[in-house]
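Each chain gets a letter, A, B, C, D and E, in the order it is written, and its residues are counted from 1.
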Amino acid sequence: MTLMTLLLLAAALIGIGLYGALSQQSFVMLMMGLELMLNGVMLAAVAFWAFSGAGTPEGQLLTIIVMAVMAIEMAMGFALVVAVFRAKQADMTEALSELKH
Amino acid sequence: MELLTLLVILLLSLGAGLAVQWWPMRRQPLPSYPQRAPFLGGGLPDTHAWSRYHVRYYPMTLLLIAFEMEMMFMYPWAVVYVEKGMMAVMEMGMFLAILSVGIVYAWREGVFHWQ
Amino acid sequence: MHGEAVLRQLALAPGIERVDSPRHASVLLVAGGIPPYLHEELRRVHDQLPQPCATLWFRSEPLLGLESATRIDELDDLPRALIVLHRELMSGRRGSSPRLLPDQPPNPWEGLGDFGQGGEGMMGGTPYGRPMAMNMHDDIRDGLTLDSLTFRLGPFFPALPPGMKAEITLQGDLIQTWSTQLVPYPVSLDAVFLDALQRPVPIAELELARAREHLHRLFHGLRLAGLERLGRQALQLANTLTLDSRVDGLRRRLVRCGFFRLSLSGRGRLTEEQARKIGGFAARATGLDDDLRSEDAHYRRLGFTPVTQAAGDTRARWQQTLAEIEQSLVLAKQAVGQDLHTSETGSVETPHGPWTDRRPEDASRLLGDLLPGLEWGEALATIASLDLAAVSEWPLEAWAAAPRVASHEARRA
Amino acid sequence: MSHGIGVDISFFLLAALAVYTGWRVFCTDSMVRASFFLLLSFIAVGAIMILLTAEYLGVAMFFMMAVEMMVMALFMVMFMMNPAGLNPMKMVHQERAAIVAGVIAFTVLSAVAVFSGFPDAPLPAKHAPVVSLGLEMLGDSMLIFESAAIVLLATMIGVVVLSSHRGRYGAADVGSMPPGLAPDGEPAGQPQNEDEDDDEGGGHAHHH
Amino acid sequence: MIWRELILPVIVVLAALGIGAYVVAVLDRLIAGTLGMPQTGSAWQAPLARGAWLLTQTANATEAPDWRAWRLAPALYLALAATGLAVVPWSETLVATDLATSVVLWGSVEALATVVIFLHGWSANALFALIGAYRYVALGLSYILVSMFVLIGVALPAESLQFTQVVVSQAELWNVIRQPLGLPLLLIVGLGMTFWGPLNLADSADLAGGTASEVSGPPRLVWDLARAAMLVAFSGVAASAFLGGWLGPWLPGPLWLVLKMLAVLAMLLLLGRLLPRLPPERCVILMWVVLLPLAFVDLVWAGAAAL
């Protein structure tokens, strides 16, 4: 367990998350991709904190803030999904662009 | 060492839970289709139960996701509370007061009722 | 009533546990004859018991294929017979009951789709023998139109009145539609109510029988609400009901444990028209003061006025039930002092509604209007607080023609 | 930072678990399974954090993510056709591009990880991460902490406005007009056909 | 070293879990008997006979369950109970997992329990099990906040998130007196976690057994066992957080803890027998509108007492 292996793991998680976020048609699945990316980001933040941050509390705080971003993203995302579904009876990303017409 | 102990306990209990199910069941044939139909007091369903289930409390769950974040801040706060004294009281008081506004607003909007 | 009487007997018997799902049972008890049109449903329930299982037929003819099953006719032998059956099953002395239905999926499905699933596309076909749930109804509460589930429940569902079968559509846990397909079995009354139609009967006897009926209903309602212990107390009170019995203790316990305030909701409100149709205590809980007893001169002499509640919901009906039990006990005590008999014949206020020229009729069709929009638990609590079944023309003691119920019993050491 | 061989083995097992479950999220048919695979991925990462002596963050990750993924599962089932994957399906678009993007992201980030030199400043031998976090929050980062409260409050209100159909004044989308999801788009949360809301009894009228 | 830190704690936790689950079953029968429910035979044998019967019964299946999740859920619930009990200190030194954040670890056990119970109901692919699962999530997501506020309340005087510190901080005065609102609130959470009695939304009678309605035989045995084990784990946590854990005169520490756990268990089982089941909607409103503000009050109280 070194900084490099940890960052490689984080990179792998971000890569998979990016694939998911780009490829999934459904809103909710898309959000799962984002979550997975943030998972990698949090791991990287903690890894830096442990190996090159000399244990400064800001490193931990950064992770907490990423977690908060995640929570907010999820809450707002789902609220939007509900609102869009109510309007369009669909949860596809394509439905968003259709809203213009 | 503590983590190892936890791991051992976790694996042993999980293994025991699975073994108690698997051991007596390893030779049992799959039950007949009529037995596998869901119990409805003699009635039958039209469809599978798995469906786009209308969760009647979904606004509450969204509220929870946002409100629960406050826990992340509260645990470290609890540890230094006595050390910091009044300052900790003030800051957390403000923090919780702001968030309580959200809960009260949500309650007044009827979020906790079944939609 | 036959099946209900069996249930009450077993509720007080030690060593027997009544379970809510056949999956938890080892012995299926069939009490009373089952009409042929319900045999298919009975076979289904029978086959849902996990093996090893056994059946016990109480005053009932075992189904075709179950000839070796035990049959008994004496109510008092029942608990013993159940315990023996369970013990034999456990020790392996008795083989399991055979399966009655052919082992076939409800619909053919094997390997129609590209991946061996049941059908084409995302929602088509019958994977594993059943179609997928579909979006059938617009939602009735909020605007999200999601899938709805349609199924038929009963006639042997423990939380419904025995014999009742309904086709129900749920969205989430909210009832969208409810249509009663089979009405519950008619209930038999204590013989004194039928006597009262012919000749004057002692008011004390009539009122005690009424209180007993209400207590029996309370037993079922409390069991559904998770208050098994208080339900049993209500039942014991009913069994030992005398002129000096009091329900204060029961009422106090019910209030203290929060039965009225926590467990019951203000839902299931009857309109005046619905209340009139159901009649009896449900109507009085809706604020109507219809009661045949107020037309009886001797009741008037006892100072009888109907008790009523205004709200007309589930909570009001249980409060009304308790109030009527109390009132009946008071009336009985006063009447026995003056040795009063009923003055009117040809009509009687039964615990299930007024019986003038016709018996109280079945009201379960009303549920179609009453239940949609209610959450599942609220709907069942509403049904338990109502008294929907028709009244049978035979009194309680006439076993031969009595209705029946199937219930599953698991006996545990 | 020194650690034993046991920590290394656990790390590699947990890393494998995190990547495997992360990958399974996007190739399972059942939505509930997908959410809980993601939860497993989070739990594995949380356990790695505990191995890194970030005990608080790791354990907090368990409970935060358990709740979030539970809600995720609820919404997945609510809004996805065929939520249990009884009929197998694949609902993706621009998959090739997405794979390429994912691989590029991984390569670039790993290259950064492998080739750049990061300062080597390990954790002090004796440190109390939770206490230092608490002191930081009440000290220098107080503003971050309090502004988090404001942001969360805004989220809560936004969530209620957007998702709730009926508020105390009747339908939420009758009284208020949420902003459009796209520039010049029609307001979000507005039902297409108005008669859906007729039974609400004209929530607008009570608005004061 | 290995013995003291690894083998002994593992044996203690697993034995406590197994024996505790059995004691829960016995205690529940004894309480039912005291309340006037009919009982035959010995309350000590009945749970064993029931276990033997469930082992001989065949396991049920449904038409298309999520097999792995369905079989895994009871075992996972048991494992969560074991994890919960692992953080409970039996004495100053005898504790399986004395993490610096063991209070938070218990919080995640609560959150994960919701996931596992949902999975148990969902994976059966049957109507009543599904409704039970969804009902439980409404409850599980509501009680978690109450529980966390209450547990943060006990962490304040201890200045630590470690259960050993929480117990040590009660040397002078138990938290049950110092924070009188805390224990009742936590007991409600305990009823919720194990969906016992009034908060039995998952496996209720109106759903013909809810998430367990389609389960029979060995999986049901594990499910019931896990539920009882979770009660034991919860009672251990409640006893450590509010009743001073191993602290007490004359007797050795672990024995004190056992006595206190028995007291909490008896209290929970009694509540379970005495109270009616709450409707799910009422439950959610109660948790958010009544109990959450009460938990706030408890926290303020704890804070004032700690300063």
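To be clear about the criterion, a contact is a pair of C-beta atoms (placed from the backbone, for glycine too) under 8 Å apart; a residue touches a chain by one contact, two chains touch by 3 or more.
Everything numeric here is computed off the predicted structure, so don't read it as measured data.
S.K.: Chains in contact with chain A and with chain D: which ones?
M.R.: The shared contacts of chain A and chain D, listed by label, come to B, C.
S.K.: Output the touching-based chain groups remaining when chain D is disregarded and all other chains stay put.
M.R.: Chain D out, touching clusters collapse to one piece.
S.K.: Which chain's C-alpha centroid is most distant from that of chain A?
M.R.: The chain farthest from chain A, judged by C-alpha centres, is C.
S.K.: Two chains share more C-beta contact pairs than any other pair here; which two are they?
M.R.: Counting C-beta pairs in contact per chain pair, the top pair is A-D.
S.K.: Select the chain whose centre, defined as the mean of its C-alpha atoms, is least distant from the mean of all protein C-alpha atoms.
M.R.: B
S.K.: Which chain maximises the distance between its CA centroid and that of chain D?
M.R.: C
S.K.: Distance between chain C and chain D based on Cα centroids, please, to the nearest Å.
M.R.: A distance of 47 Å separates the two centres.
S.K.: State, to the nearest whole Å, the distance from the C-alpha centre of chain A to the C-alpha centre of chain C.
M.R.: 52
S.K.: How many angstrom lie between the CA centroids of chain B and chain E, rounded to a whole number?
M.R.: Comparing mean C-alpha positions, chain E is 14 Å from chain B.
S.K.: Distance-wise, how many Å sit between the C-alpha centres of chain B and chain C, to the nearest whole number?
M.R.: Centres of chain B and chain C (C-alpha means) sit 34 Å apart.
S.K.: Mind pulling the chain A residues that touch 2 or more other chains?
M.R.: Only 64, 67-68, 71-72, 74-75, 78-79, 82, 85-86 qualify.
S.K.: Chain B: which residues touch two or more other chains?
M.R.: 3-4, 31, 33, 35, 37, 39-41, 45, 48-56, 58, 61-69, 71-73, 75, 78-81, 83, 103, 114-115
S.K.: Mind pulling the chain E residues that touch 2 or more other chains?
M.R.: 56, 58-60, 63-64, 99, 101, 104, 107, 122, 125, 127-128, 134, 137, 141, 144, 161, 208, 213-214, 217, 280-281
S.K.: Following the definition at the start, I'd like every touching pair of chains, please.
M.R.: Contacting pairs: A-B, A-C, A-D, B-C, B-D, B-E, C-D, C-E, D-E.
S.K.: Would you tell me which residues of chain C are touching chain E in their complex?
M.R.: These residues of chain C touch chain E: 12-15, 19-21, 23-24, 26, 50-52, 86, 90, 105-106, 127-130, 149, 151, 157-159, 170, 172-173, 222-229, 232-233, 257-259, 262-263, 265, 375-378, 380-381, 412-413.
S.K.: Can you name the residues of chain D that touch chain A in the complex?
M.R.: 1, 3, 7-8, 11, 15, 18-19, 22-23, 25-26, 31, 34-35, 38, 41-42, 45, 48-49, 51-54, 56-57, 60-61, 64, 68, 71-72, 75-76, 79-80, 91-95, 97-99, 101-103, 105-106, 109-110, 112-114, 118-124, 127, 129, 132-133, 135-137, 141, 144, 148, 151-152, 155-156, 158-159, 162-163, 165, 173, 178, 180-182, 184-186, 188-192
S.K.: Tell me, which parts of chain E touch chain D in their complex?
M.R.: Against chain D, chain E makes touches at 64, 66, 69, 99-101, 104-105, 107-108, 110-112, 114-115, 118-119, 122-123, 125, 134, 137, 140-141, 144, 161.
S.K.: Name, in rising order, each residue of chain B that touches chain A in their complex.
M.R.: 58, 62-63, 65-66, 68-69, 72-73
S.K.: Considering only the defined contacts, which chain B positions touch chain C in the complex?
M.R.: 31-35, 37, 39-56, 114-115
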